[in-house]
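Consider the two complexes below, in which chain A is the common component and chain B and chain C are the respective partners.
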Partner chain A sequence: MSSTEVKKIEELANQEYKYGFVTDIESFTLPVGLNEDIIRQLSAIKKEPEFMLEWRLKAYRHWLTMEEPHWSNVKYPAVNYQNLSYYSAPKKKPALNSLNEVDPELRATFEKLGISLEEQMRLSGVAVDAVFDSVSVATTFKEKLGELGIIFSSFSEAVRNHPELVKKYLGSVVPSTDNFYAALNSAVFSDGSFVYIPKGVRCPMELSTYFRINAANTGQFERTLIIADEGGYVSYLEGCTAPMRDENQLHAAVVELVALDNAQIKYSTVQNWYAGDKEGKGGIYNFVTKRGACRGVNSKISWTQVETGSAITWKYPSCILQGDNSIGEFYSVALTNNRQQADTGTKMIHLGKNTKSTIISKGISAGKSQNSYRGLVKIARKAENARNFSQCDSLLIGDKCGAHTFPYLEISNPSAQVEHEATTSKIGEDQLFYLNQRGISTEDAIGLVVNGYCKEVFKELPMEFAVEAQKLLSVSLEGSVG
Partner chain B sequence: MLLEIKNLYANVEGKEILRGINLTVNKGEIHAIMGPNGSGKSTLANVLAGHSSFEVTKGEVFYNGKNLLELSPEDRAREGIFLAFQYPVELPGVSNTNLLKTAVNEIRKYRGEEQMDAVDFLQMIKQKMKLVELDDSLLRRSVNEGFSGGEKKRNEIFQMAVLEPTLAILDETDSGLDIDALRVVANGVTKLKSAENATIVVTHYQRLLNYIVPDFVHVLSKGRIVKSGGKELAVELEEKGYDWIKEKVVA
Partner chain C sequence: MSDILEFKNTLISGFAALEKSLNGQSKKAFHSVRKEALTKFEHADFPNIKNEEWRHTNISPILKHTFNPLSDASLLSSADVQKFVFGDAFKYVMVFINGKFHPELSTLDNLPEGLIVKSIAAANEENNTVVEKHLGKYALSDGQIFTALSTAYTFDGAFINVKAGKVIEDSVHILFITDSRNEKLITQPRNLFVAEKNSHASVLEHYVSLQDDVYFTNAVTEVVVEENAFFDHVKLQEESKKAFHISRMEINQKRSSNFTSHAVSLGGIISRNDVNSKFNEDGGECTLNGLFMIEGSQLSDTHTLIDHAKPHCNSHEHYKGILDDSSRGVFNGKVIVRQDAQKTNAFQQNNNILLSTDAVINTKPQLEIFADDVKCSHGATIGQLDEEAMFYLKTRGIGDDIGRGMLLHAFASDVVKSIKLQPVRDYIETILSRKFNQ
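So, the complex of A and B:
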């Protein structure tokens, strides 16, 4: 590229985070530190039944025996887990019947983010379970979903109201001993979403949760559990933005999905947490365990993610294809800029016969960022006729960033068909000049090329989300240059 | 006077390619620029469009009274300059429709005009497609991806039809075209001609000029226009070859 193009791209890469602000709502926060007392207090605040406390303590005791993993292709200073507070909730927590009862300042925060709850309810028919810091403050459309027997609530409520379901499925996909961060999450998770789709029910609307990290120095540990019973269907949307701050914020969520016979779960994420300043200071650490079990025959789980935020992203939404003929899909766009680091990908574990998986990963690196795809395709001995198709593409913008691909294949059945394609490309000066020559600015030209490159993933997103995802990419790459 | 090039010099990677070009183009005219390989034809086309790999070292270019060399490539396009590329690039995942809609609206914004709504836009492009006998499916496909050589060139002329430039520069648009595609492309260009616009046709061969009849023919050699004339000059060149010009220059 010529020096002017490089300069332009550097300018684009150097824009400030648009959604940086802190809301001034009084928070109730547990003292910093982590021990059994803190966990007991946390469980008591949340009025949890005994089994939940026991589960947490068991996870905590196991966590104490574990070491923080360092195998990923990311670098960051050590996290002091005794220096975090494990619970923070808006102090005035009323029981809400409608959005009108929500704290006006909180509402204003949502408005700033451009995710007005009212608008979403009115215009798009999306039921929103908004998580502000760690506690659900608004749950909507509950009644309508209730008529169909669908449970969509905060995780805390589910623990109190549907303990039998929680007991049966919690930790059944991601055991509390699974990994360092999952164990920590299991011990101290604050809240999250719970969804249960009964037999034969097709959820008529997209279920959506906006996560938000707000109180300074509070690690956030969400827990999400989605169960689609036999023949059930649900599409779930998760989206995030976070306010600007100086301390690094740890985020270690766990998401578990269970699809029984003939059930389908579609899980879409648009993630835009604060990535830190140009030097990478102050961004979110996003260490997430997301896993789905296609437990029943003909079941299907589809992950779609658009990752543009966080200082460090470390996540591998995975599928365990247990049921015969089950299908796992992973569609991902991961964009890194400035000093962001992402190590993300998926695991497709084929256990059942005739299981199929598809992996489409699109990495985009700009600035001085490092972007790694890491994926495992495992075909077990008894998985007859398993098939996988993987496509991992990397796009480089500028010449100071890096793209890495780590594909792992473990195949124990000779009937398996596994295909892997990988490409690395650069946004070409010729492409940009061609678009310039059609009257399109370099900024918009980069947007067009990048969005075109991600098209295969965007088409998997629900319509409104696809629009939001395109906007996010634009914000991440273009923003203030005019 | 639409375009006035005065004593233009330009380098590529430190090597001098254009050595004092003088050319004047008025509205309503078609100019053909001919010359052997390496004479600077494509360089001239790219310099006019503002490609950053080409460095102008001397001379002036005025377009509609404005100093063209001070404008960014996108502003030149918005001012009505269109380059039909010799090698159109592929843009995976970017549909022709999306590209053109963005381009049309960017140009309109620059000119202080209203954005075109989706229905009007679709109607307009459907109509323009007929001009170059392009299939509807090419609208939804990614720009130039998997297009044949002929389709790419026709697509360039289609984009030109949509963007309605004041000054169109066709850079070796005939290269790689069979005779049918050549006829289609040339018909498109001819139909787009009006008293309000001008066209510069850059070509190595005379055959395109059987279809697009130029008002003026200029012969480029070693970065200079060494001979100018009417359309009959192209025929003479075809008969006698470029060596004839070279000899004349030496003499």
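So, the complex of A and C:
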């Protein structure tokens, strides 16, 4: 590589985080620390029914008995859970009926993020339940969805308006005792999204939420619950950007999906939180528990994720294939640059007969980053004729990064067919040479090759996201040519 | 808990008796290594299934027994031995009974110049400098309780040293016979193979037993392959179906060396094989192949690690498993490519066939890569026999049973065919035919 190229790369690598800004809105924040009083207070602020408080306290008490897990392939300084504030809400609670009533400053933030609500309403037909630091400030298209019987609201609203649904499904996929972070989330989750698709209804639009971490020092504990009743279909998008911070922020969300007979849920994520500066200072810790249960026959859950941000990404969107003939899919692109670390993958637990799962994971590591795929394919004894195909490829850019794969295959049924493939390589020099020869700069050529490499996953994303994801990938790759 | 204590205490107290039997050897420098290892063994805990490396292998059945570390000399005739050797196929045969070398049963006449074949005990006795240099230097005891135990009890085993530039055409057959006779013996062979510069040699490590006894083999083998040397290793594990077999092989490869290993595991109620190879210099080549065929309630666990510490090395790994009844198989293949190990090629493949509803396979092909200019891949498949192939055979008038046998035979052949030692290959072929083509 020539020295000018190196210079250019350095320039690009030093680019500031595009979405790094802090919106100055007066917020109401609970005092730092975590104890039962804080949880009671939190629950009271949110006007939750008694059962929610009980549930939170139970989770909290269990959390106290748990130890922080350390088995992952990521390194980070210890998090002091008593040093976080567990609730932060914009003080001026905007009315929800019309966008015009939303705080102008808040709306300006969304404009900066490129998710102007009006525009989205008008042009793309996407209903956005924007979560701005834990409180949902605007919910669009609600009425339209309401006509179909679809419930799409913030989690706190759902707790108040549909306690029977929440009670029935909350914690049924990710129990509050599941793991350290899930227990913490169960105790202190502030808000999130709730979706219920009634029997036989196909949700006519892509539902989407933007999570954004704003006030300094508040861990974000989102809780998402999506239920697709018999024959229902929903496609849900989740996208993230976060402002620049020097201190690490913890994000421990829980996402639960439930698909009943013949239902389908498609869950897509584009995650571009602040990854820290190029020395790895700051950045978000993204420790998320995502799990879907294919409860019914012929149900299907599909996870698609594009992970480019966060200092540490540690999550395994999983599928429990309980219903016969159910299908689980996982498509992932995880890109790490500079000192980012990612330990991500999926778990496919086959319990029902004729269940199928597909795993396509594309890891790209550049700079001094570490990228791991960790996955489990488990075929239980009774899961006749289960089928799995896994492919996890890693691409290395530069000689200071690492790519790791930890696939676990645990098979207890002889009729299972399980295939796992993994490759690791760098971008072919001949490919780059060919593109250079055609007058395409090395930087662009790498972007092109990487986008081609990720195509299998991108094609699973909804249209709007696919465009965004490709751009995001190019931005994240800038300055990584090595 | 008390089981474990008893298991441990017998082995700790047995050490004093070993010391006595060592005679002069206990005054040598290596004895301090033994003592140190014993202390490590004393303080270490046995791995349980919470330990990632032992996740699927529960060793508590081993700890329920109390094994006797010291056996009386067993008297076997050459007729007993005869059924385990491959006729005249091997020119050099070393016979170990209950872990002790028996020269009278071995055939080590007319060793060619430059090939040293003797027992570790004898080599230690005469202060062999090669043994002093290498023994215990690669299979370290830290965190490895079974290696610590083996090191503490290092007494006998096979020592093969091929001198620089020597090409040895004939292979050495090392036969470990356990004749436990309800005594619940623990035997701990400790082997060292050193192939010096530009040399070429091949070895068969063979574990058998006379009866279907409960006993415990804890074997540790260290292999050093120096510059441009070529070393071919075959391990044939045919322990009794009630025996426990834990083995570890550490391979240390120098510049442009070539090491090939084939591990065929058939016996043992619980068998665990660790094969770790390390490229210490550029340009090495390493092939690790294996086949395990288990039935009943057998458990076969293979952990391999290929450490690409230096650039320009190639590794190939292919393990196959056939599991019947309620047997359980574990395969964990790890490949590490270190930061400077550019131009690495590492390929790994693991295929398994489950023949019964109760059989379980846990496989984890694992890549850890820190260099960018590499080509690494792994693949794992688990399935049953291809129905289309079965159908094809049926259309040709070949019935289910025979067709199944043919396909299983073909499945195993991939690995078997690459074994270079003709007699061993034929022998395994016979076993396959007997098993699948009844």
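As a convention for this text, the second predicted complex is superposed on the first by the 462 of 482 C-alpha atoms of A that agree within 3 Å, B and C clash if a C-alpha of one lies under 4 Å from a C-alpha of the other, contacts with A are read in each partner's own complex, and residues count from 1 in each chain.
We take it that contacts are C-beta pairs under 8 Å (C-beta built on N, C-alpha and C of every residue); 3 or more make two chains touch, one makes a residue touch a chain.
Just so we're clear, the structure is a prediction, and the values are computed from it rather than from any experiment.
In the superposed model, A:Leu396 makes contact with chain C only, not with chain B.
Here chain B and chain C are compared by how many residues of chain A each touches, and C touches more. Using the contact criterion defined above for the overlaid structures, shared-chain residue A:Asn83 touches neither chain B nor chain C, since it reaches no partner. In the superposition on chain A, A:Arg381 makes contact with chain C only, while chain B stays out of contact range.
In the superposed model, A:Phe433 lies in contact with chain B only, and not with chain C.
When the shared chain is aligned, chain C comes close enough to touch A:Thr424, but chain B does not. In the superposed model, A:Lys455 lies in contact with chain B only, and not with chain C. In the superposition on chain A, A:Ser412 makes contact with chain C only, not with chain B. Residue overlap on chain A between its contacts with chain B in one complex and with chain C in the other: absent.
The touching residues of chain A, counted against chain C in their complex, run 71, 381, 394, 396-426, 482. Touching chain B in their complex are the following residues of chain A: 2, 4-5, 428-431, 433-442, 444, 448-449, 451-456.
If you check the complex, the residues on chain B that touch chain A are 49-53, 72-74, 76-78, 82-83, 85, 88-89, 91-94, 98-100, 102-103, 106-107, 110, 142, 159, 163. Within the complex formed with chain A, the chain C residues making contact are 52, 56, 339-340, 342, 352, 354-384.
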